[in-house]
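These are the structures, in structure tokens.
In the two assemblies presented below, chain A is common to both, partnered first by chain B and then by chain C.
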Partner chain A sequence: MTGLASYLCFFATVALTYGVAVLGLNLQWGAAGLFNVGVAGFAAVGAYVAAWITAAPAPAHWGGFALPIALGWAGAMLAAAFAAAIVGAATLRLRADYLAITTFGAAVTLQLVALNATALTGGPFGIAFIPKPFESLADRPLAFGAANLALVAAVTAIIFVALERLTQSPWGRVLRALREDEAAAASLGKAPDRFRLQAFVIGAALMGLAGAMQAQFFGFIAPDNYLPVLTFQVWVMLVLGGSGNNRGALLGAVVVWGLWTLSGTLLAAMLPGAWQARGAALRLVAIGAVLAGVLLARPRGLIGERATVSRHVVHTGEQA
Partner chain B sequence: MIGQILIDGITSGAMIGLGAIGLTLTYGLLRFANFAHGEFATWGAYLAMLGAGAFGGAAPIGALTFGWPLVVALMVAMALTALLALALDAALFRRLRRHGNAIVLVIASFGASLALRSAIEFAFGPEPYYYTTDIAMTLRLAPGLRATADQLVVLAAALVLMLAMHVLLTRTPLGRAMRAVSENPDLARLAGIDPARIVRATWAIGGALAAAAGVFLGVTVQLRPSMGFELLLPLFAAAILGGVGSVPGAMLGGLVIGIAEAAAVPLAGAQYRAAVAFVVLLAMLLVRPRGLFGGRE
Partner chain C sequence: MLELSGVTRRFGGAWAVDGVSLHIPPGRITGLIGPNGAGKTTLFNLIAGSLRPTAGAIRFEGRDIAHAPPHRRAALGLGRTFQIPRPFAAMTVLENVLLAALHQRGERAFANWLAPRAVAAEERRNIVRAREIIDFLALGRLAAAPASVLSGGQRKLLELARVLMAEPRLVLLDEPAAGVNPTLLETIIERIRELHARGISFLIVEHNLDLVARLCGEVHVMAGGRLLASGPPEAVTRDARVIEAYLGGAA
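Presenting the complex of A and B:
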């Protein structure tokens, strides 16, 4: 029973770390209409920076400053934001799909660096022994799991509230206005590139934080964690949950991570050893089909964006 | 040294250019970046492997490592991959186009890319395959300049296909109609062109050329489930470098990317080869986002 409870804690913890990445993507895509195919790259930046800052010194990789975890997470967000600022400054003024191609290329390149810059990143073996939060509780699995879950839930809640306020603020309205009609918004004196870059950078910082939190909860990172599949998972979570809606983003993260874990467990139990790798491939075919199906059948996702209409418009409507 | 880089770069660049033609055509016509385009190359390569197996093992031609069965299988694979591209459009992209948002198409193509690639991995497993176990003999073309017969034939075949494509686009009614729809769909419709037919023709051509690129890649390197996906960034770089919608631009862009990759290997090491296309792409986007031949932003 305790085993199941602590497993559920771990499951929810990981699902919420994905949730943070999905919230970041929702700010970029849902609110600002920016198409980022490099989620894995920003998560990788966050994970490696957090590992360098918090892990103990080791000969196999750079860093190892053994600093507090909170500093690691802050560093991860800053580094991912910095990476996004460079990519965004270069491409946000171009057509929307160029951003997609550039972020995709940036993620592929970052993964190559993680794999090959062995002195920095530990190469294909990655970085191990990344300290976990509440390590002193590690001998009591349930308390350890619950404490970690409470931590990530608190972080997620803070981000959720902040994003809700941000998207409802004038700043969020400008983003949506730019998404819907750039020319109209620009004619009102809103600088499109500046607002977009801000949304892109904040979203990427959240992806970096998600990567850092995952690194810290798993205690181990390797370049294979940051393949385009990760980007894809986060996208499916957002599209299924409902882009443009922060609740939808979190719901999508939990649902998709649940389906992903469940299908993995089922395939592992049902398939013989030699077919395990192929079973994993089948799972990807299924999730690709799910994404296409949702886009076709229910483009709004489970809970889509709420229509926001200015109260002034409603008022004049009553008068008319 | 320079000569060797050129010959390696031109061979792989010709394959990139071949794949990029289809990408730039669908990009120009349908206004969306198709992330599933690389998978057409993968499917073409694996379909040709099945075909070559089915047609039986004939002796290799001359100094090549493959025989007539692979040549026949190439044709069959091109036709089947054209059908795959048409099916993907009918099942997914055509329906999403009605909703209007081009970026939703990009998301869908990202999903389709993963599904198509994983389907190959499911069917064939993750291990690499080769069309033949024969060892390709290198020919000495000049002092310090070596190429395999396979490389040279693949290069020639790619150039022939490119030339055929150029003639098709500039000298035939279908090609003129394709260019017209790409320039201005409404005006083309007024001139009596059925855009749906042109869209189908574009998918079929793009799929077939990508399949050819995949088979050529299989002949000169190897077959892996991720071969097309790894080709995607060079394909995008070539298409954008040449200007989206421009077929000669895509060919030239492919050659530039191929040569840049080959030249970067001695400098940065083979492990960073995949990043070269990205660096060229980024430089191009900063300096001249319209591409070398692109008229439209």
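Presenting the complex of A and C:
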């Protein structure tokens, strides 16, 4: 039982790290309508920066400052935000499809840099021995798993509350207006690029944090973790859970990560060894089928977007 | 207040607006009329910022705004409405108006985390002001309704309410009478007069000569991309060149 419980803790921990990335994407897509197809790139930036800051010095890669994990996560968010500011300043003027191409290109480029800049990143072998939070508990798996889960749950809760506040604030109101009618919002003095860039940067910082947390919980990163399939997973989580809704974003992360893990376990058990590698593609097929099924039944995702009203506005005694 | 000199806009080989110079003094309601295709709407868009001139200068209160983006012009005190109203349909009437307040502290993302009380206090003040404006424009009963339920005329009133929330000194109105029933049109005319009395200047682009004659102290007439005549409405509408232009002579 302890084995199962500590496994469930680990499962939930990883699912919530995905949840943080999905929350970031929901701010970009759900609130600002920005079509970012480079989630994996920002997660990679966060993961490598956190690894450099927190890991012990090693000859195989750069960094290794052995600093506290909290600093690693803060650095990861800053670095991802900085990367997003550069990409965003250059491209947010573009229409949706061009932004998609640019972010996709940026993510692929970053992945190739991670693969080839061996002196910095350790190349294809990645960075190992990234310290885990609560390492002193490592010999008691259940306590270790529970402590990690509590940590990531607390971080997720803080981010959730912060984002709910933000989307219900005057700032979020401007984003909703820009999404509905950019020309009308601009005619009322709202600078479209400024607000979009902010949403893009904050969202990317969360993706960087998600990458950093995953690096820390797995203890190992490699360029293979940041292929476009990661972007695909995060998008499926958001669309399936309900774009435009932070609760939906978290629910989607847990459901899709559950399906992903379960389908992986089933395939491993059912397929003969020679077919395992090819069979892995069936996971994507399974996720795609589930997504199509959910969208047929619930076109707006499991929890769709609700009309957001600014938190300070209370309508009383009027007909609605 | 608003000064245009040699403003020109070319689309391909056609000169939509060709060297227009005019001066709009503060404290007036000025009209801009002309037959279809005269270049009124293009000139309006050049002043509002949705188009940039090919040549010429546009100065608002002494500042050259010819190449400033629309949001900067709005922040300088130059408001506009749209010919076909563009409400934020999914938001309530109150939120449509609240949005338009300029320089809100709560529009800075971090202020919502670091100074939530200041944001809340500012929002409360803005709500009081927004409700006054909504009541003034006879939309009070609909404040909590989504803007999508408003009729065409009510949408025009909402556009005016939004612009007022941004505290402009000059408001550009693009065909305020188009598609509005006669009763509501009287409301609109009366409200424009009232706002003018409070010190807001207007520039009105309009087909409805009756509205122009009743509101405007001075009228500019455009035809074929050029300024044809300027003066008080009763004089301009009797001008032989203007009559010819309206009857198709300018083609």
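By our rule, the second predicted complex is superposed on the first by the 296 of 320 C-alpha atoms of A that agree within 3 Å, B and C clash if a C-alpha of one lies under 4 Å from a C-alpha of the other, contacts with A are read in each partner's own complex, and residues count from 1 in each chain.
Everything that follows uses one rule, which is that a contact is a pair of C-beta atoms (placed from the backbone, for glycine too) under 8 Å apart; a residue touches a chain by one contact, two chains touch by 3 or more.
Because the structure is predicted, anything quoted here is derived from the model rather than measured.
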Partner chain(s) touched by A:33 [first = chain B, second = chain C, both, neither]: first
Touching partner for A:173 - first (chain B), second (chain C), both, neither: second
Partner chain(s) touched by A:97 [first = chain B, second = chain C, both, neither]: first
First, second, both or neither for A:192, with chain B first and chain C second: second
Which of chain B and chain C A:239 touches, first, second, both or neither: first
Contacts of A:55 with chain B and chain C, given as first, second, both or neither: neither
Complex contact set, residues of chain C against chain A: 48, 50, 69-72, 74-75, 79-80, 82, 86-92, 94-95, 98-100, 102, 104-109, 112-113, 116, 119-120, 123-124, 127, 141-146, 162-163, 165-166
Residues on chain A engaged by chain C in the complex (per definition of touch): 162, 165-166, 169-171, 173-174, 176-177, 180-181, 183-192, 195, 198, 202, 307, 309-310, 312-313, 315, 318-320
Chain A-touching residues of chain B, taken from the complex the two chains share: 32-33, 35, 92, 95-96, 99, 102-104, 106-108, 110-119, 121-122, 125-126, 225, 229, 232-233, 236-237, 240, 269, 271-272, 274-275, 277-279, 281-282, 285-286, 289, 297
List of chain A residues in touch with chain B within their complex: 33, 35, 37, 90-91, 94-98, 100-102, 104-106, 108-109, 112, 115-116, 228-229, 232, 235-236, 239, 277-278, 281-285, 287-289, 291-292, 295-296, 299
